[in-house]
Structure formats: structure tokens, C-alpha cells
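Next up: some structures, all given as C-alpha cells.
Both complexes below contain chain A, partnered by chain B and then by chain C.
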Partner chain A sequence: MLSVNRTVLLLLLLFPGMLLAGGVYQEPEDFLAEVFNGEVPEAQVIWLTGPRKEVVTQLLGHRYPSLRVRYWRQGQRTAWILEEIGKTEPITTGFIINEGRIDTVKVLVFRESRGWEIRHSFFTDQFDQARLNEQRQLDRTIDGISGATLSVRALKKLAAMALYLDQQARQRDA
Partner chain B sequence: MDNRTSPIASLTAAALLSVSLSATAGDLPSREEMWKIIQQQQKQIEALQKDAQTSTVRIEEANQKATAAVEVAEQSQKSVSSAAAWASKTQLGGYGELHYNNLDSKDEIDLHRVVLLLNHQFTDDVRFVSEIEFEHDGDEVEVEQAYVEFDLNQQTSAKAGVFLMPVGILNETHEPATFYGVERNPVETDIIPTTWWAGGAALGGQIGESGFSYDVAVHEGLKTDISNGYKVRKGRQKSSKADANNLASTARIKWTGMPGVELAATVQYQDDITQGTDDSAGEAWLFEAHAQIERGPLALRALYAYWDLDGDGPEAIGADEQSGFYVEPSYKFSLFDQKLGIFGRYNQWDNQAGNGEVDSEKKQYTAGVNYWPIPDVVLKFDMRQQDNEGEQSNDNGWNLGVGYQF
Partner chain C sequence: MPNRRQEKNGVKWRSVHTWHRYLGASAALCVLILAITGIALNHTEPLELDSHYVQSDWILDRYGIQAPLEPLSYRAGDRRITLTEDQLYLDRRKIGESYRQLTGAVLFNELLVIAVSDNLLLLTRHGELIERLQDTGGLPGGIKRIGVDTAKGLLVVEASDGQYQSDADFLHWQPRTDRGTDRDSATIAWAVPTPLEATLKSTLGDHFRGEVLPVERVLLDLHSGRFFGSAGPWIMDAAAVILLLLALSGSWTWFKRRG
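Showing the complex of A and B:
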């Protein structure tokens, strides 16, 4: 006769047979449709070349794995969908920047085993209205999450990158 | 005044003008020549306009070609071959630490551990996680993690394989740059046997937006007996042909609903901690609770753990109760881009707490400093002073360490 422990073990092993649908909290296109009320502007491109590439590399601590970044602009608002590795997997995050300040941060796809807390509003709310200071750092302290140090660090880097690229895009389009 | 002009003056002026006009007309091209020049200039203008249009088209084409080239390069990075596709889904990481211990019990340099992490993301929802540890310069090789994890939905995941027990502060997060002190604290060494891993299956999830999460697991149990004083650390089977006669169950509830705050509690039950090899022992319960609070540069860690072992065997030597706690305040300074942290820790633990007549309690005061030149590299120094009960010798001294993660 199966003991309670063995029965539970069997059930746990059967769980993965269920439909898999994790990790993706919101598709990027759904995020854009939501933040632009269904009227997503045409995507524009900013190239990560020259000094811009150097600054992004400095902000991330490594080269961004693409030569160009797409963004969407409506008035003073720009939308960015960026990726950065937390511990081992890329975290896909959407940012809305309004007049040089962070308006929205939303983790769209989280692929790691730990650190999922960064997707919750109690964490992302800390970025509200954050901007870059003269040293190109966030102008405020973001409190971390125990056991999610690398995920927190990844999101802080992406926030700084989104703010910097927004500055660059606005300067170029002015 | 008379404004009328005399006939002589008018004739003189007409003659002068006539002479002047005939002289200028001699320098100018004829009407036919002018028309030819205008036609040539018109052709030049048209040619320039055409060139400008061609240049614009070429610039646009060059732009499109550059964009296409980047797209091809990016795409080829992802899928030029099956090997590249595999590599893009496979991640390598690691961490390690070297220690110098200058203690009453030893004076040695030890490559305590070098760890390789190899993960593979089959899909966004299914991944493999592994951790292979080489301890003491390769004297011991251990697979501490090797499991497949499945995201069942946005809130829930399940895993099967060898994984770390969801208990304590250090057991799941023990990269050197994440904790103070060269050596791990004694409570999470002798009471919670960190690093503690087991083979089995687990389910974990988040409870809405509350900040609460849970883990439940069924896995191989401990196997300890009188020969090692029923010490739990000696009971780890390390998933190496582990006796599965008596499995164990673990459950944890955790709250991380506020940045910088973690509160958690774990309970574990095993119906026979000797795997049927010792009739004088049986059930075992573990209760653990801890708090981690970080507020700006200030941080506090506190943990309590308690084992209750059933049976006359453990009771006879006081091992029926094994418990300990520690409290660790710390302060972190920023030095430009670098960090410096100081900490103190009070540890108290006892693997024979059930027998009041045996002086088995240990106390240790630890203080030290961590220096992070970059976030992933740490240099450590600490000093410790023990105040152990009874005949137990104290093991005092200081330690140096370097740790890294990538």
C-alpha cells in the first residue's frame, strides 16, 4: 500500500503533465496595446552605435545583444521593451518613459526559477517617476529582494538603459 | 525755378545714352547664345535633381540593406545552426571561494568550493537546472542540483530531480557575495545541514499579489543513527543510492510582500529518520523560521531552527532536541561604485539540547567585514570567539576569504 509521502510524490510527478503556461505574464504586443490604448504608434529604431553603444555597455556592464532597439513614441511618451539576464535567463521588461521619467515598469516574461517577486507592483512601484541623474544612475535607492539580488540588479540596469535611450531618442527627434 | 529741359540738352543726353548702349551691347552674348546658355543650365539643374533623387534612393537602400544585414546577423546568431540554437538556450555560470582559516583547530588554506552551474531552457516553460560542486580542491565532487522545472501557470511551477531544500536563509542562496562571514554560520551548518539537497518532487507557487509564496516537496529523507549521535548533518544521503524506505515531506511559506523584507517558516516531517535501521529512533520534525530585513544600508538577519527526534535512542543522549538561532545585524557603505560592509553575529546552537544534564550548548560571537570591489566579487575577513559549555573546547581565531560568482 502506498504511503502518504509516496502518494504525494506520485501526484507531484504527474503535475507537469498539465498544460504549461507560465513565465509569460503579458505578450509585448499586448503591453503596447494596453499602454497606448489600442493605438500603437509605428515603431521607430535607435541604433546602438558610437558613444551610445559605449554608454549602454557601461550601464549594463556588457554589450547589449542587438545593434538597434525598437521603440514606440506618442507625444512625450516612449515605450521600450528590453531584455537583460537575471541569473541565467533573460527577463523581458516593458518600460514607459514620460518626459524623461519612468511612468510604467512591467515584467512581461520571467524565465528563472527564483526572483519572481520583481514582477509585483510592490517592487516595480519603486521605479515610479525615477529619472537619471548626471552620473546616469537612477536618482533613488531601489530596495532589493532577498534571494533575488540578480533579478533586481537586472531590472535596475534596464530602467537606466530605458531612460538613457529615451533621452537619446528625444534629442534626435527634436 | 524752370524745370523745362532745353532741346540742346536733350540731344546731348540721347547721344551719350546711345554711345553707352552700343558699348555694353558689344560685351553681352547674343539672344541665341543666351538661350543656349539657359538650356545648358536647365540640363545641369535637371541632372543635379536626378543625382539628388538617386542619392536619396541610394541612402534609403543602404539603410534598408544595413537593417536587413543586422536582422540577418541577429537571426543567424539565434538559428544559424542547431549548435547555435542549443547554445543560445544553455547557460553556464558558477561561483567559488578560497578560505584561509587561522583557528585553534586548524591553520590552513582551503579551496573550499568551486561550483559550475549548467542550465538549459527547453522552452519558456520548461528548464533544466544543475549545480556541480568541487569541494576542497576536488576531494569531493557533488551534484547538488539536477532537476527539471515546469511552469504550470503564471503562479505555479513544479520540479522533479535533485534540488535544494526550501529551508533557512543560506541553503538556497549561498553564493559567497550574498552573505557575511568567510565560513557559513554554524546554525545553518549543524542544525540546518546546509548545503542540503535531496531527490524528489516539489510544487511551488505564489499566492496572488499578496507577496506570499509556498513550496511543498516530497523527497529522500535523512538517514542517521546512534553511531553519529543522531546528528542531522551526518544524515544527508546526497541522492547517492539514497535509502528511500522512509521519504520526508517539507513545506515552506514565505512572505516577500515588501521590498527588502523576507519572512519565512519551514516544517519538515519524516516518519523514520534512521530509515528503519535503528528501532530506538523514529519520527523527526524540523521547524524553522527566519527574517531578513534590508533597509538602505542597514540589514538584519535572524533565524531559529529546532529538531524534534522521537525515540529512546535520541533521548538517551539528548539528541531528541537539536536547536539553534542567530542574529546578524550589518551595515553597508558605498565607496563610489564599490561596497564595504561590516557585520556582527551571535550564534547559539546545541545538537544535544534534550538533555539538560549534558553541557553541550555552543555560543559563538562573530564580527567582520566584506568588501565588494565589484558586485560579483567579495573579499572577506572575520574574527570569532566561542564560549562553549562544559568540557567542549573553544575554536577561536580569524578567517580570510575571497569569493566570486558569474
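Showing the complex of A and C:
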């Protein structure tokens, strides 16, 4: 038994990533409950059709896999749960946008085997208060993480998409 | 005139040389297989060997890969939704990722609604995904069947804890209050599986077989010899030993010539 414990300890010392690797970090409904203090507003939908579809395709570099996206609005805050493939698997991320600026970014589900470091606040904090410039790009540089290039790229694309959809939803709901 | 010792050495040298040639010829085919598959396997990602699939009937038969005999299939309007193992098809076209447990499909308000993997897929009639509804979005869990309340014009699901109906946007689900009454059973048209037409069944069967076995798997099996059956690895082991002997006999011959 002692040798088994030693083996496990040795493995964890050699591969600390085993403790921290991908998975479900937070269920989307728990994320919504947390950010809206337990009072999640009614879901609304925005359709990715016409020019909106073209812009999203431009932002992502490919079509978004669905034609409509849900969001939740409370005052000027909107919540978005979006997915983008890092290398082969979708990364599910929650965004809170407040008056056109990013308030919160949280990686909810990470299914890839590499690049999970993007979930940490040292990376996601870089998006704080970011907004879209006139070229529909993030108004700041987001530093990458070596070994997580594709995941970083995916999150930057999703952040731009969330900001754009927030603009669209505000214009529509105004 | 050569003495006896020189004559003996000459015979030994010729013998090694002859054996070297025989060994080389006998290992040639295995070495070719090892070298070609080895080079290809070293470049699996750029060659996309793991995402290209073997189409050859002979190889697929050799691996014993068969299409399911009776895939589950539903008719929704004039479209056909079929689940073959983990692959979902709209008519002949494969839809997205891998799925499990198809429990129904209906045409509702010009949309295709498919209950699969405990989710509801909303598709346009052309098969474009509108949204994937999941329990995290309020969809009742454990969907057993799906139908349309023809009297009220509502989509209905039977979940693990009862029947629910959705609003027009599929955003909210409410428990049905008239469940179990005569009126209820009379007005809901539940989706029921129907046998697949022979031609479509054959087409989907061929398609399924052609999406199962990655080229990389076959190359790995060729490289290890397992492709040739239980004796294959031993043959490849023998080829490796022969290569070892070739290296030794080649080196020995070279030294003798120099000497």
C-alpha cells in the first residue's frame, strides 16, 4: 500500500498538470447563477443571420456552429456562453459584458488535453474592461501562453464575438 | 599459390557474402513495409492520417467492420433522420459530431427537431444547425420520446419525470397539465421509428464503414505486422533480426575487403 502511495506521490510530483488538467470547471447554469446572484433573467436569443452571420464568420475565421445564440440580460449587463474549438475540441466560455466592456471571462469547460492554463485569472484578467475598436478587434494586446497558442487564440476570438453580439443585442433591444 | 589458411578464409568470406545476399533479399519486402510505414507514421499530423479513413472493402472486411443491421431511423416530413452507431444522418448527409441514443425526430414549424444524446437539435430543413438545446438551457432531462401536439401546435417531449411542452422559441418548457387524459393521447403525434429504405440503408452502411477505420491504424498494424495476423509480429521481429545480421555481416564483409 505504501509503495502505491509513493508511486502516486511521485507521479504527481513529476506531472503536477495531472491535478490541474481540463474538465468541467463550472456548469454553465452555476456560472449564470453566480454572476446574477441567483436571479438568472429570462434567456433571450439572437440570430446569426444576414450581415451578423458574416461578421461573426469574419471574427472567428469560420462559421459559428449554430444559427442562434442565447444570452441573458440584466440592465446593461449581458451574459454569453459561447464555444470555440481550440485544436480539436470546443472550449466553453462564459462572458459578462457590461456597457460594451468585458466584465468577466470564465472558462467553464475545457475538453482539450493541452492549453488548459487559459482558465487561470493571470490570463483571463487581461480581458478586463476590454472593448471592440472600430475594426472590431479587441482594444488591447492579450499576451499568449507558450504551449497554449490555439486555446489563447480561441478565447480571443470568443471575446470579440461576445462583444460584437452584445453590441447587436443592445442595438436591437434599445 | 594460396596456402591452406588463405583458401579457408576465402571460403568463409564467400559464405558470409552469400548469406548476406540471401538475408538481404528475404528481408527486402519487410524492410520496405517498415520503412514506408515508419516514414508515414512519423508525419501523422501533416499527412492527416488520423482523420482520413480507409475506404477499401477488402481491408474493412479484414478488420471485420460491418454496418449495423437495423439502424434506428425516423421520418420527419420528407426527411429521414438515422443514427448508425454514433453517426447521425439527415438523409445521406452526416450531421456533426458523434451522437448516441436517438429517441425521435419531428418536423415542427418548418424546423427539424431531433432528440438525440439527451439533447434536442434544432435544424433548418436544409440541415443547418440552429441550436443544440441541453438540460443546462432548461430542457427537461432524460428524453424518452418527442411529438407534436397537433391541436395546440406545440412541441412535446416525454422526459424522465413527465411530459413537457415548449414555447414557440424553445426557450421555456412547461409540464403538461392534461397528461394521461384521452384528449392528451388523441392530440399528440409521437415520433415513431420506421424501417429504412433498402437503398438508403445500403448507402449509409457504406458511408458508415468508410468513416470508421483511420489510415493511421492500418499503417500502425502494417508496421507492427499485426495486419498479417497473429504470425505478423513474429515475421516483423524476424525481419528486424535479419536487419541486425545484415548490419553485422555487411560490416564484416567491408572490413575483410579493406583488410
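We take it that the second predicted complex is superposed on the first by the 152 of 174 C-alpha atoms of A that agree within 3 Å, B and C clash if a C-alpha of one lies under 4 Å from a C-alpha of the other, contacts with A are read in each partner's own complex, and residues count from 1 in each chain.
Quick note on the criterion: contacts are C-beta pairs under 8 Å (C-beta built on N, C-alpha and C of every residue); 3 or more make two chains touch, one makes a residue touch a chain.
Quantities reported herein were computed from a predicted structural model and do not represent experimental measurements.
Visitor: According to the stated criteria, A:S66 is in contact with first (chain B), second (chain C), both, or neither; which is it?
Guide: In the superposition, A:S66 contacts both chain B and chain C.
Visitor: Name the chain, either chain B or chain C, that contacts more residues of chain A.
Guide: Ranking chain B and chain C by residues of chain A touched puts B first.
Visitor: Which partner chains sit in contact with A:R111 here, chain B, chain C, both or neither? Use first/second/both/neither.
Guide: First partner only, chain B.
Visitor: A:E29 contacts which: chain B (first), chain C (second), both, neither?
Guide: Once the two structures are laid over each other on A, A:E29 reaches chain C alone.
Visitor: Once chain A of both complexes is superposed, is A:G75 in touch with chain B (first), chain C (second), both, or neither?
Guide: It touches nothing on chain B or chain C.
Visitor: Mind working out whether A:P51 is in touch with chain B, chain C, both or neither, as first, second, both or neither?
Guide: So A:P51 meets neither chain B nor chain C here.
Visitor: Which partner does A:T149 contact after superposing on A: first (chain B), second (chain C), both, neither?
Guide: Only chain B; A:T149 stays clear of chain C.
Visitor: Under the stated touch criterion, which partner chain does A:A43 make contact with: chain B (first), chain C (second), both, or neither?
Guide: A:A43: touches chain C, not chain B.
Visitor: Across the two complexes, what residues of chain A are contacted by chain B and by chain C?
Guide: Overlap of chain B and chain C footprints on chain A: residues 45, 65-68.
Visitor: What residues of chain A sit close enough to touch chain C in their complex?
Guide: 27-29, 42-45, 65-70
Visitor: Sort out for me which residues of chain C touch chain A in the complex.
Guide: The touching residues are 96, 124, 128-132, 136-138, 169, 171-172.
Visitor: Show me the residue ranges of chain A that touch chain B in the complex, using the header's touch definition.
Guide: Its residues touching chain B are 3-6, 8-9, 12-13, 15-16, 18-25, 45, 65-68, 85, 87-89, 109, 111, 113-114, 116-117, 120-123, 126, 141-147, 149, 153.
Visitor: Quick one: which bits of chain B touch chain A in the complex? Just the residue numbers, please.
Guide: Result: residues 67, 70, 73-74, 77, 91, 93, 117, 119, 121, 123-127, 129, 148-160, 169, 172-173, 178, 200-203, 206, 209, 211, 213, 216-219, 247-249, 256-262, 271, 292, 294-296, 375 of chain B touch chain A.
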